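Chains here go by letter, A, B, C, D and E, matching the order in which they are written, and residues are numbered from 1 within each.
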Amino acid sequence: MTGYAYTILIPMIPLVMFLVTGLLGMKWKPIVSGLLGTIGMGTSWVLSLITAGSYFFGGHHAEGFQTIIPFETTWLRFTETLHINIGVLLDPISVMMLVVITTISFMVHLYSLGYMKGEKGFARFYAFLSLFTFSMLGLVIATNIFQMYIFWELVGVSSFLLIGFYYTKPSAVAASKKAFIVTRFADLGFLIGILILSFVTGTFDFGKLTEPGTAIFGSAASMSFMGISALTWAMTLIFIGGAGKSAMFPLHIWLPDAMEGPTPVSALIHAATMVVAGVFLVARMFPVIHFQAPDAQEIIGYVGGFTSLFAAVIAITQYDIKRVLAFSTLSQLGYMMLALGVSGYGGEEGLGYMASMFHLFTHAMFKALLFLGAGSIIHAVHSNYMYDMGGLRKYLPITHITFLIACLTIAGVPPLSGFFSKDEILVAALHHNKLLFAVEFLVAGLTAFYMFRLYFSVFWGKDRHYHHTPHESPLTMSIPLMFLAVASVFAGFLPFHHLVTSDKMGFDTEMHMAVAAPSVLIGLFGIAMAWILYKKESAVPEKLAQRWGILYTATYNKFYFDEIYLFVTKKIIFNYISRPIAWFDRHIIDGFMVGIGLVTEKIAYQIKGMQSGQLQHYAFMFVAGTLALALSLVYFLM
Amino acid sequence: MIQGIPLEHFLIVSTIMFFIGVCGFIIRRNLITMLMAIELILNSVNINFVVFNRYLYPDQLQGHFFSLFIVGIAAAEASVAIALIINIYRKLQNIDVENVNELRF
Amino acid sequence: MNVFLFYLFSGIILICSLLTITTRKILRAAVYLLCVLLATAGLYFMLNYQFMAAVQLTLYAGGIVVLIIFSILLTSHISHRFKHPDLVKLIMGVSTAVVGAGLVIATLLSHSFQAGSAPELPVDMTVIGTQLLSTEKNGYVLPFELISILLLAAMIAAIVIAKKDKNKNSEI
Amino acid sequence: MDLGQFILMRQELLLTLAAVVVLIAEIATSEKNKARLVPFSIGLFALVTIIGFIPGQEGTLFGGSYQSSPLTMFMKNILNMAVLIIFLQAEGWLRKEENLDKISEYFILTIATLIGMNFMISAGDFLIFYIGLETATIPIAGLAAFDKYKSQSAEAGIKLILSSALSSGILLFGLSLLYGATGSIYFADIAGKVAPNALIALGFIFFVSGMGFKISLVPFHFWTADVYEGAPIGVTSYLSVVSKGAAAFIFTIILFTVFKNIVDMWQPLIYTLAVFTMTLANLFALRQDNIKRFLAFSSIAQAGFILLGVLNAGELGMTSVVYFVLVYVFTNLGAFGVVAAVHNASGVETISGYNGLYKTNPKLSLLMTLSLFSLAGIPPVAGFFGKFFLFTAAAGAGYYILVLIAVLNATISLYYYLRVVKAMFIDQNEQPIPTFRSSNAMRLALVMCVAGVFIIGFASGIFEYIRTISQLFLN
Amino acid sequence: MNILTSLVVIPILTIIAILFTKGLKGARLVSAIGMGVQLLVTAVLLFSYLGLRKAGVTDEMVFTADYTWFKSLNIHYFIGVDGIAVAMLCLTSIVVFAGIFASWEMEYLSREFFISLILLATGVYGFFISLDLFTMFLFYELAVIPMYLLIGVWGSGPKESSAMKLTLMLMGGSALLMVGIFGIYYNSAPDGGPLTFNILEIAKIQMPVEAQRFFFPFTFVGFGILGALFPFHTWSPDGHASAPTAVSMLHAGVLMKLGGYGCFRVAMFLMPEAAQEMAWIFIILTTISVVYGAFGAIWQTDLKFINAYSSVSHCGLVIFALLMMNETGMDGAILQMISHGLMTALFFALIGMIYGRTHTRDVTKMGGLMKVIPFLAVVYMIAGFASLGLPGLSGFVAEMTVFVGAFQHQDMFHRVVTVVVASSIVITAVYILRVVGMILLGPIKDSHHEHLEDAKWFEKLSTVTLVLAVAAIGIAPLWLSDTIISSLKPIVERLAMAIPF
């Protein structure tokens, strides 16, 4: 067990990098910070790979994978049983996440050396990247739910900082604010969930919570609130936290806006790592959810399914390439959630769980690739919009190839990795819930369609009037592209069902042709449709858009969800809650206090006539006072 | 002690006199008249003391002497008051109390 | 006889008191006051307190009233008639007087006075003189001395006030 | 009676002697050297004050008419100190040309009233008490009219003498009723016979009104503001501190000793008076601009606070009242000292005239602030302790609600005290009072006040001493 | 001399020393030295306290000293500290130290300013070391009153009326408090024996229940007013808005803590039965405080108002947590006091510095300051993050302890209100980010702001001191939390033994 003590370094190196580059970065040449960050990240990456290697392949696991805690210390003690520990927990999903995070993060670090070159605040960018990576790593290796919450919040802040990296741009500021507040709202759910869970079970510890057949829920069954059991409340609320980070409907609205951040950031945070934190959270709590709160699991499944469909539909109509990718991310996250929602526990039953993790892994690779590719495109044409692009395949060959690979992967074309993971999800859904399966099946087609719509309109079609000829990105940017492309292609062959499973025991599974074949077909159909519509410049999409009229406009405007949120925040919270409260406070409460003073003063002026200066009035008061006292006292005595 | 006259009758006379004095103090405008009202008040108090002494406690002369000293003090008071009234008269050329209201509120 | 005299004096006291505060000529008020004081002296005689009565006559009637009359002559025109009193003040004064007198008389009448049982002390000049200079209980040498200080101080006070300002000759 | 026993009366005798010496000195000095009377008299009085601190015996004289105990001697010493400070503060004013021919009168009259107060405090019967009271009042009317060139001063004098005559008339009427009901004028005899019947209640209330006049309790206070405003500052401070303090002392003594049998009856009465006094005085003080008038209302409010101590008819009550008056002497004289100094230098008597005083005369402003804070009962100055113990006394008698009312009133009072502070420190002024230097006597007086305001609070020995002598007195 | 007494003596000596200085330079130098020494003494105190505890000293209070003052009333100068008091003293020292540097360039009547400021601090120190209700009350009032001058003379805006409102409301609070103290005093010996003001002595007896019922509200509300308890909080926005920087820092940072500290040390500790019985009323009030303050802050445009309302919210949380009456909740309350003290002081320091440059506190008139004054902007952001409860900064530790503690309460009502209270973290995020977004980020709105000068050395010193403290608690809270919890034991036990009747 102690053999893994070095794993503490994996998160600590980025932390140190953050502190160093953050505090001293402005004194150095920018590139120094960049290189330092990248080297640090590379070290972490290597360490993660070593960890993964020794954990997964360093011994036989007939008994299933052990949970290893190489490091743990008490950070804050609430009561004897409730305390926040900070530690490192190694189990299949966390080790997998370590690999995902460090890999993508390292690639992004590397990529950014080129992408962000010359940007003001280069050092700051690397500092924030390091901070984010540290937080994300801390999150996945959390030994208890509160540690997870801590890093959860840190992740949120680093995301805020990175989305708002171009802080002089009002839209970036607004987007970062929105992202933070929406996720913060979800985090509230998470927090309350934790509170309920800890109240019911008396522990934060994952080990105790997820231990099969544990007795800590013994007393919980009888507890309920408003007719719903305490654990369902807890798990639903915790899921809300996860839904916020993973941008599940209806908390998805921050993610598309988050594309205001630099593209590498989108790749790292808003595609590959942070947004899957919600999925990871659900996976982490899976035994609890599955056994103690089946209702919550149902909710997770449906929310995931709906989100994936909803986002895919919107993605069709968007023109900003990063937004298309953002909605695609949403859609894919929906897949993962859904998979968890339909999963059982143990062995083959836990296929959904395994598929979800698998898809998480592959998605991280190909979505990061897509984003980095998009970054490369944007870098070349200085625009985010499809209508400013076309025919780029000639100018950006490497980008083109890697992007195509990524598109194929996400469309689920075998034998690329996306095919395997998506296939497992569909199988799991089919076993569990036909409706969800149907939805996912449809979404598979939509995914292929909108991805290739993007692909064709960017790389094919005719040239636009570029200010200067687009050129391929420097090596620092293309190496990560190539690496990720390779990963996207081959990740599908990883034996996930032996490595990452719900009960940590490997199981055997096989290709389900009955599901795989139709899904491949519908994917190809989607590609074909896109090819027809967007390969060449044509008026057909325009016409279609007009025919669908309202529906198209609604979709284009993301079903007006931003407007609804705006209404709620601006109108209701600002105008109808905060403003009246501010008014109430100033005028009623403070007015009352001031009023006391004013009334006192008023009285003071009213009664000044008593002191009239007339001696005889005084005499009258004197005698009358005496008599009044005498009357009352004598009366009192008699 | 006077045969046939109850103590209360004396007291009623003195009380009424007292309150006539008080009333006079309140209603008269002239400072000197107010001073006279004061004399009425003190006089009624004197009667009280003397009568109580005579009727109830004739074994000593406390009330008697008290009255005696009140008379003396009344004289002193009157002299100072009159000096002040004349002082006011020098300033205001009249001794109407309603004009003595520079200090107020 | 005694009864008659009492009611006579009482009547004079009450009526003249009332007139003192109601007459519109100030000198008359002084005269009415004098009547009150004289009648009071009469009561003292009836009560067998001759010394007290004598003091009342000399000091009060003789001293204070003369002082008052002097000041009236200094400050007022004899023919000057007062304005009628202010109605508000009239109400104030009369109401307090009526209520007050009612209250006090009611209280006095309701109280059962009990005469002391000790033997009566004869009131002659020797007793008065002895007591006035006695330092024992029921001796009045201390007040006697004290009042002398008071009188001295009052005299000085009156002089200070009445003294003409050296610097300001403009006034009177 | 042994002549040696007169040593019990030495404070009064010394004061009388001092008055006589001043009188002789007046006669002996030539017209040109009149101003020298001022230091001479002050020095003489300082001597008397110091001698007064020699501890004395407990005992009675004149068959109970005069009683002396460490407590009464201490009270007299408080008054002596106050008068000494007042003399020092009045020095500059007395040296003004228009007062030169009245110097000895000022001293003699003041000392005479002080003698009256001393006798009042030591009184063992109502006759001495009454004569002392009048001695302490009538000459002050003369003092109030001292500034003869000002019609306000004359008005103050006449208002004081007439109101006081009326009040003493009413007081006397009450005393006559008490005499009728109890058959004695001696405190000791009355105390044994006091019973809760209507006649005694009536007499008692008339007595309280008369005392209320001296202490300026609402509704017997109306003369206060007018007289304070009109009278010269040296007299106003005397009225507000010494005269009131002495009255409060004797009032407490009489309530605690003579009327101790009817505590249940007078407590509600005092309660009512306290509430009205504090509240009304505060309301009036809120909008004053003349600083003397302002301090007049403030001193009325302070009298209301004193009543809280009176409510606890025991050692603690007595101690807290005496202690509070002691504190109040230094505090209020501090404030009046500044008012006098400013008035002497610039003639300003309004709060708005104080605007920007801190810029030009920081020390005076600080002293004023300290005094006002002490009046408001803010630590660390002595006023806090004084008030706290008064409230402790009232709470000890179970009057928690009254304490609340009192403290809320103290809060209101803080408002107007802070108004003065604001004027001095915050408000800007185009033409502030120019920087000036007060006379040495004034400075000495002010230093004494500051020292008093700081020391009395922290030196618990003083409080404990008062407690001991109160215990001695009441048992 | 007792180390605690020196905490009161050093400021007084500093004041005396300032009297002999001339002008700003001397005054600030002397103040800085004095308060620096004070900071050191506090640090020594902290370590010796921890040392004592480590050595196994289990007395409830340590470093006690007892001098009889007013013997006949049994008033003592009785001092002593437990872990909570030590923590509060550390807070005070840090904030005062930072405050001195934040007012480094106080040109106008500088001597007087520093004297008043340190006088205020003296009151606070005295309050925290006192174990005798009388001295406690004395120091309490001593701390309140210099506020008037500090705001009135050196403030801005409608300073006179704000100063007056603040002073009067706080004195009104102390009026209630005074009644409460008398009530406690006169019921401190129900079985006869001498009455006492000694907190530890009174804690040994049970005050008669009727008396508790009557006096608990007085005491609690009396302290609560200083702790900005709804609806007695309105002095806070005006007062803070008008106060000069260092005063806002000290007031929000330290003085308001006197309220919370008094609430449990006096009101709840000495009258546990009544506390149990009436807690629900105040829980409702504080819940309103928390949510209402946060919502109130959203709409404000003046930076100081925002912070003042935020203080209402955060201080509400303090009292809320105290009323949970379990170890964790109360621990959270004290952590929250310290945390809020530090970060709000930081906020006010920064607001003062920003105001000194832009001459406005209106958020709608500023923008893009990050570009021109990055240091201040970054620190402002850190303060903001601390305020909205970012892990790694003190706010998170405090809030989480409060929430966990409150939610451990066995009563459903308490848990439900905890959820309501917890929702404030979202609202807090809204107003903090709104401000950050408006003034620090985005384009520069006012061309005058393009050439502002970033923080000077003393400003850096002031803010960095506070940031370090905030971060230190945020990163390693365990020792502090454990220190507090161990000191809370007697109080919690006493509260637990009090059966609601």
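The working rule: a residue touches a chain if its C-beta (ideal position, glycine included) is under 8 Å from a C-beta of that chain, and two chains touch if they have at least 3 such contacts.
Everything numeric in this text was worked out from a predicted model, so none of it was measured.
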item: Required steps from chain C to chain E (each step between touching chains, minimum); value: 2
item: If a chain touches chain B and chain D alike, it appears here; value: A, C
item: Chain nearest the overall Cα centroid; value: E
item: B-C or D-E - the one linked by more C-beta pairs in contact; value: B-C
item: Taking each chain's C-alpha mean as its centre, the one farthest from chain E; value: C
item: Greatest separation from chain D - chain, by CA centre; value: A
item: Chain B and chain E, separation of their C-alpha mean positions in angstrom; value: 64
item: Intercentroid distance (Cα basis), chain D paired with chain C, Å; value: 30
item: Geometric centre distance via CA averages, chain C-chain A, whole Å; value: 101
item: Whole-Å separation of chain centres (CA-atom averages), chain A against chain E; value: 36
item: Where chain A touches two or more other chains, by residue; value: 597, 608, 611, 613, 615-617, 619-620, 623-624, 630, 634, 638
item: For chain D, residues contacting two or more additional chains; value: 127, 131, 134, 138-139, 141-142, 145, 148, 157-159, 162, 166, 170, 180, 183, 197-198, 202, 225-226, 412, 415
item: Residues of chain B engaged with two or more neighbouring chains; value: 11, 18, 21-22, 25-27, 34-35, 56-57, 62, 65, 69, 73, 76-77, 80, 83-85, 87, 90-91, 98, 100, 102-104
item: All chain pairs that touch each other; value: A-B, A-C, A-D, A-E, B-C, B-D, C-D, D-E
item: Footprint of chain A on chain D - complex, ascending; value: 158-159, 162-163, 166-167, 170, 196-198, 201-202, 205-206, 208-209, 213, 218-220, 222-223, 225-226, 265, 268-269, 272-273, 280, 283-284, 286-287, 412, 415
item: In the complex with chain A, residue positions of chain C that touch it; value: 89, 92-93, 96, 99-100, 103, 107, 110
item: Touch list for chain A against partner chain C, complex; value: 616-617, 620, 623-624, 627, 630-631, 634, 638
item: Partner chain B, residues of chain C touching it in the complex; value: 2-3, 6, 10, 13-14, 17-18, 20-21, 26, 29-30, 33, 36-37, 40, 43-44, 46-49, 51-52, 55-56, 59-60, 63-64, 67-68, 70-72, 74-76, 82-83, 85-86, 89-90, 92-94, 96-98, 100-101, 104-105, 108-109, 113-116, 118-121, 123, 127-128, 131-132, 138, 140, 143, 147, 150-151, 154-155, 157-159, 161-162, 171-172
item: In the complex, chain E residues that touch chain D; value: 69-73, 75, 134, 137-139, 141-142, 145, 148-149, 152-153, 159-160, 164, 167-168, 171-172, 174-176, 178-179, 182-183, 185-186, 214, 218
